[in-house]
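Same chain, two partners: chain A is paired with chain B first, then with chain C.
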Partner chain A sequence: MDIKANEVLDAKGLACPMPIVKTKKAITNLEPGQVIEVQATDKGSTADIKAWAQNTGHHYLGTIEDGDVLKHYLRKATDEETKEERKHEDIVDLDELRKVIEGDEEVSILDVREPAEYAFGHIPGAVNIPLNELEERFEELNKDKGLYVICRTGSRSDFAAQKLANNGFKNVKNVVPGMSSWEGKTEKDN
Partner chain B sequence: MAKTIAPKQLAQKVINHEETLILDVRNTDEFDNWKIEGGKVEVVNEPYFNLLDGIEPVESKLAKDKEIIVVCAKGGSSEFVADLLEEAGFSNVYSLEGGMKAWSEHLEPVKVGDLADGGALYQFVRLGKGCLSYFIESNGEAAIIDTARMIETYEEFANQKEVQIKHLIDTHLHADHISGGRHLAQKVGGTYYLPPKDATEVTFDYTPLEEGNDIMVGNTAVKVQPIYSPGHTIGSTSFIIDDNYLVTGDILFVKSIGRPDLAGLAEDWVGDLRNTLYNRYKELSDDLIVLPAHYSFAEELGKGGLVSARLGDLYNRNSGLQVEDEAVFRKMVTENLPPQPNAYQEIRETNMGKITPEIEKQKEMETGPNRCAVEG
Partner chain C sequence: MSNKTKVAIIAANGGLFDAYKVFNIASAAAASDAEVGIFFTFEGLNLIHKEAHKNLPLPEGKEHFQEGFQKANVPSIEELVEVATEMGVKMIACQMTMDVMSLDKDQFVEGIEVGGAATFIDYAKDANITLSF
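Right after this comes the complex of A and B.
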C-alpha cells in the first residue's frame, strides 16, 4: 500500500539507538498531527519505536516491510486531542454508529484522520478526507445525506463536524470517541 | 567513552556469584521475555529511549560509585547509555560488548569431574539460553554431547587439551537451538550420532544411536552408554558416562521435567515421558549424577556454574517426579505448557538439514530462552 507522510526519515543502515534518536529529533520539526515515515533496517526498531511512541504519546500507526526496509509510520501528538471540550452538539457513540451501519438508512462515513492512519484500518466504506484538506474538498460530499464524521478520538472529527455544519451540511454527526475504541469491522488499504 | 566488558568476563561474575548490577536498556517486552539471570545478578530495566532526554528515570536506582553493566540487544544502545551515565558522574560503568546477541552465544566450560581411568568431563554452560552441552575427553580423544552452534569454542578447547574430537552426539532432535554436531563432525572428520526415531526426516547421513552400542572415547577408557528414554521426543536418548553420570537431555532437569509437545505430539508422547521418568530411570542407580541439557531457573546454576544433581535426590525433590496419579501427570504436562521457544519449527527443520538459513538468520532464530521444560 502507498501511504502518504509529511516527512520521510532515512535511518537505513543505522543500529539502535540511532533510529529512535533521529526520529525523536525529526518529530520535533513536525506540526502536531503530521505523519512521519521512518525507514529503518534494524529489525529491533519496530518494537522499540512502538514502545517509544507509547511512552511519549505519539501515535504509532504501523509498519510496512518493503524488502529489507521497515517503514514505520508515526503521527505527532496534538494538544487538542487531549482536550475534553467539544463544540459540535450532535454526537453519536460507536454503538449507535454500528446500528446505523447495519440498518437500512443510506449514510456516509467521513474519516478525517491522516491517510496513513486510515490506511492501517478504517470502517469499510468510509471516505477519507484529512481534516486539513476538508475545506478544499467539500464538494466531494453530499450536503443532504446523513454524514457521520469520525477520527481517532473524537476531537479532529469535532472540528470537522463544526466546519461542515457552518458550510451548509444539514445532518452532521460527530462519532465519539472514534477509531481508537472501534471494535467493529475494519479494512486496510492494499 | 565508557569502558566495555566482554561476555566471558560477565559470565565469570555470574557463575562465581559475584554481586553484579545490570542496567538492561532494551524495551520492556524483550526484557520480560529474556534477561541475564543467575548467581547474584540484580537487573534494572529502563529502555534506552526513555533516557534520551536525561538519565533521571534511573538516577535514583543506581549508585554513582558502584559498578554498573549496561546491556542492550546488540551493544549500540548500551554504549550510548553508558556514555550518558559517565557524563552524569557515574564512575564505574561498562557496556556489554555485543549485547544480548553475544551473550546468547557465549559458552562457559565448567569442569564436572575427573573420570575413573583418566580424562575428564566438562559441562559447557550457555548462560544466555540455559543450554548445556558436554565435553568428554580421555586418552587424546573427545566426544561432545548436544553440541551448540558455536563449534569454534569446542575446537579451541580441544586444541588446548590436545585431544581430537571423534564423536558428536545429540540426545534428540533439538527445537530450541541449532545443533553444531553435524558441522563439527564434518569439520573434524568425526562421527555424528542421532537417535534414529528422531531422524526419520533428516536429509544427511548419520550414525544411529542404539541401546547396547556403547561409544568408546579414547580407546576403551570411557564408556558412553545410550539409554533409550523417549518423552520429550520419540527418539530421546540418555547416556550413562563412566558408570557415574547420567546425561538426561531434555527429559529430566534439576527442577523440572521435559515437555513433550515441540513436535506437536504432546498427547502421544506424554505416556513415554512418564514411563521414562517413573520406570526406566528408576531402574538406574540413585547415585548417578544427573546432567541435563538445560536449566530454566537461575537457582539451578550452582556455584562455579555447574548444573547437576544426584538422581536419588531428584526423586525426593523434583516436583515433576512426585506425581503418583498418571491422569494428574498427563494433565500437568499437557496443560501447563509455557510458550514455545522462538522459531522452534524452523530450528527443527534446520537440524534436520531441510533448510540452511544464513548465519545471521540462525542467530536471530536462537534468541530468547530455551523453554524446553514443563514448569509445573
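Right after this comes the complex of A and C.
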C-alpha cells in the first residue's frame, strides 16, 4: 500500500537507540498533525517506536514491511486533540453510528484523518478527505444526505462538521470519540 | 508530557559493554522525553574521559565482539556521548574519584558537571527509574 507522509526519515542500517533518537529529532521539526515515515532495518524498532510513541504522546499509525525495510508511520500529536471543548452540537456516539450503518438509511461516512491514518484502518465505505483539504473538496460530498464525520478523537471531525454546516450541509453529525475507540469493522488499504 | 519520567543512572565501570549499557539507555530515555542524569564514578569516569572514551576495552576474552559491533553498525561511544549531550542528558563526574585519580574537569568531554554523592542523591531522590551499571 502507498502511504502519504509529510516527511521520510532514513534510519536504515542504524542500530538501537539511533532510530528512536533520529525520530525524536525529526518529529520536532514537523507541524502538529503531520505524518512521518521512519525507514529502519533494526528489527527491534517496531516495538521501540510503539513504546516511544506511547511515552511521548505521538500517534503510532502502523508499520509496513518492505523487504528488509520496516516503514513506521507516526503522526505528530496536536494540542487541539487533547482539548475537550466541541462546538458542533449535533453529535452521535459510536454505538449509534454502528446502528445506523446496520440499518436501512443510506448514509455517508466522512473520515477527515490524514490518508496515512485512514490507510491503516477505517470503517468500510468511509470516504477520506483530510481536514485540511475539506474546503477545496466540498463538491465531492452530497449536501442532502446524512453525513457522519469521524476522525481519531472527535476534535478534527468537530472542525470539519462546523465547516460543513456553515457551507450548506444540512444533516451533519460529529461522531465521538472516533476511530481511537471504534470496535466495529474496519478495512485497510492494500 | 506533563509528568516527565526521571531517570537516574550510576556508571561505575569503564569497559565498552558498560558504556553501551549506560549510553543506550540514557539516550533512548532522553529521546522518549525523560529527564536523564548520569553519575560517573570510579572506572565509570572513563566513559566521559576525552581520550579514554574513544577506545574503551572489551572484557577479556570477548575481543571478538569488536567485529559484531561493526557489523551491526552500532554507533560509537563518542557518537552516543554527543547524542546524549545534545539531548540534555545531565552528566555528573564524581569529584572524589577525580581527586583520587588526579583528574581535572578539562580532561572530560564538554558539558559535564562535577559533584559529589550528595549531588547525585539530590537529583535521584524523586527519580522514577534508578539504574546502576
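Simple rule for what comes next: the second predicted complex is superposed on the first by the 190 of 190 C-alpha atoms of A that agree within 3 Å, B and C clash if a C-alpha of one lies under 4 Å from a C-alpha of the other, contacts with A are read in each partner's own complex, and residues count from 1 in each chain.
In this text, contacts are C-beta pairs under 8 Å (C-beta built on N, C-alpha and C of every residue); 3 or more make two chains touch, one makes a residue touch a chain.
As the structure is a computational prediction, the values presented were derived from the model and not from experiment.
**Student:** With the two complexes overlaid on their shared chain, look at chain A and say whether chain B and chain C clash or fit.
**Tutor:** Here the two partners, once superposed via chain A, clash with each other.
**Student:** With both complexes superposed on chain A, which partner does A:Lys185 reach: first (chain B), second (chain C), both or neither?
**Tutor:** A:Lys185 contacts neither chain B nor chain C.
**Student:** Between chain B (first) and chain C (second), which does A:Lys43 come into contact with in this model arrangement: first, second, both, or neither?
**Tutor:** first
**Student:** Could you look at A:Gly13 and tell me whether it touches chain B, chain C, both or neither (first, second, both, neither)?
**Tutor:** It touches chain C, and chain B stays clear.
**Student:** Is A:Trp52 touching the first partner chain B, the second partner chain C, both, or neither of them?
**Tutor:** Touch status of A:Trp52: both partners.
**Student:** Have a look at where A:Arg137 lands relative to chain B and chain C in the superposition and call it first, second, both or neither.
**Tutor:** Touch status of A:Arg137: no partner.
**Student:** Go through the superposed model and pick first if A:Lys87 touches only chain B, second if only chain C, both, or neither.
**Tutor:** The answer is neither, since A:Lys87 touches no partner chain.
**Student:** Would you mind listing the overlap between the chain B footprint and the chain C footprint on chain A?
**Tutor:** 15-18, 20-21, 24, 48, 51-52, 55
**Student:** Chain A touches which residues of chain B in the complex?
**Tutor:** Contact set of chain B toward chain A: 27-30, 47-50, 52, 72-74, 76-77, 80-81, 364.
**Student:** Of all residues in chain C, which touch chain A in the complex?
**Tutor:** Residues of chain C touching chain A: 1, 5, 24, 27-28, 31-34, 72-75, 83, 87.
**Student:** Quick one: in the complex, what on chain A touches chain C?
**Tutor:** Listed in rising order, the residues of chain A that touch chain C are 13-18, 20-21, 23-24, 48, 51-52, 55-57.
**Student:** Along chain A, where are the residues that touch chain B in the complex?
**Tutor:** That would be residues 15-18, 20-21, 24, 43-44, 47-48, 51-52, 55 of chain A.
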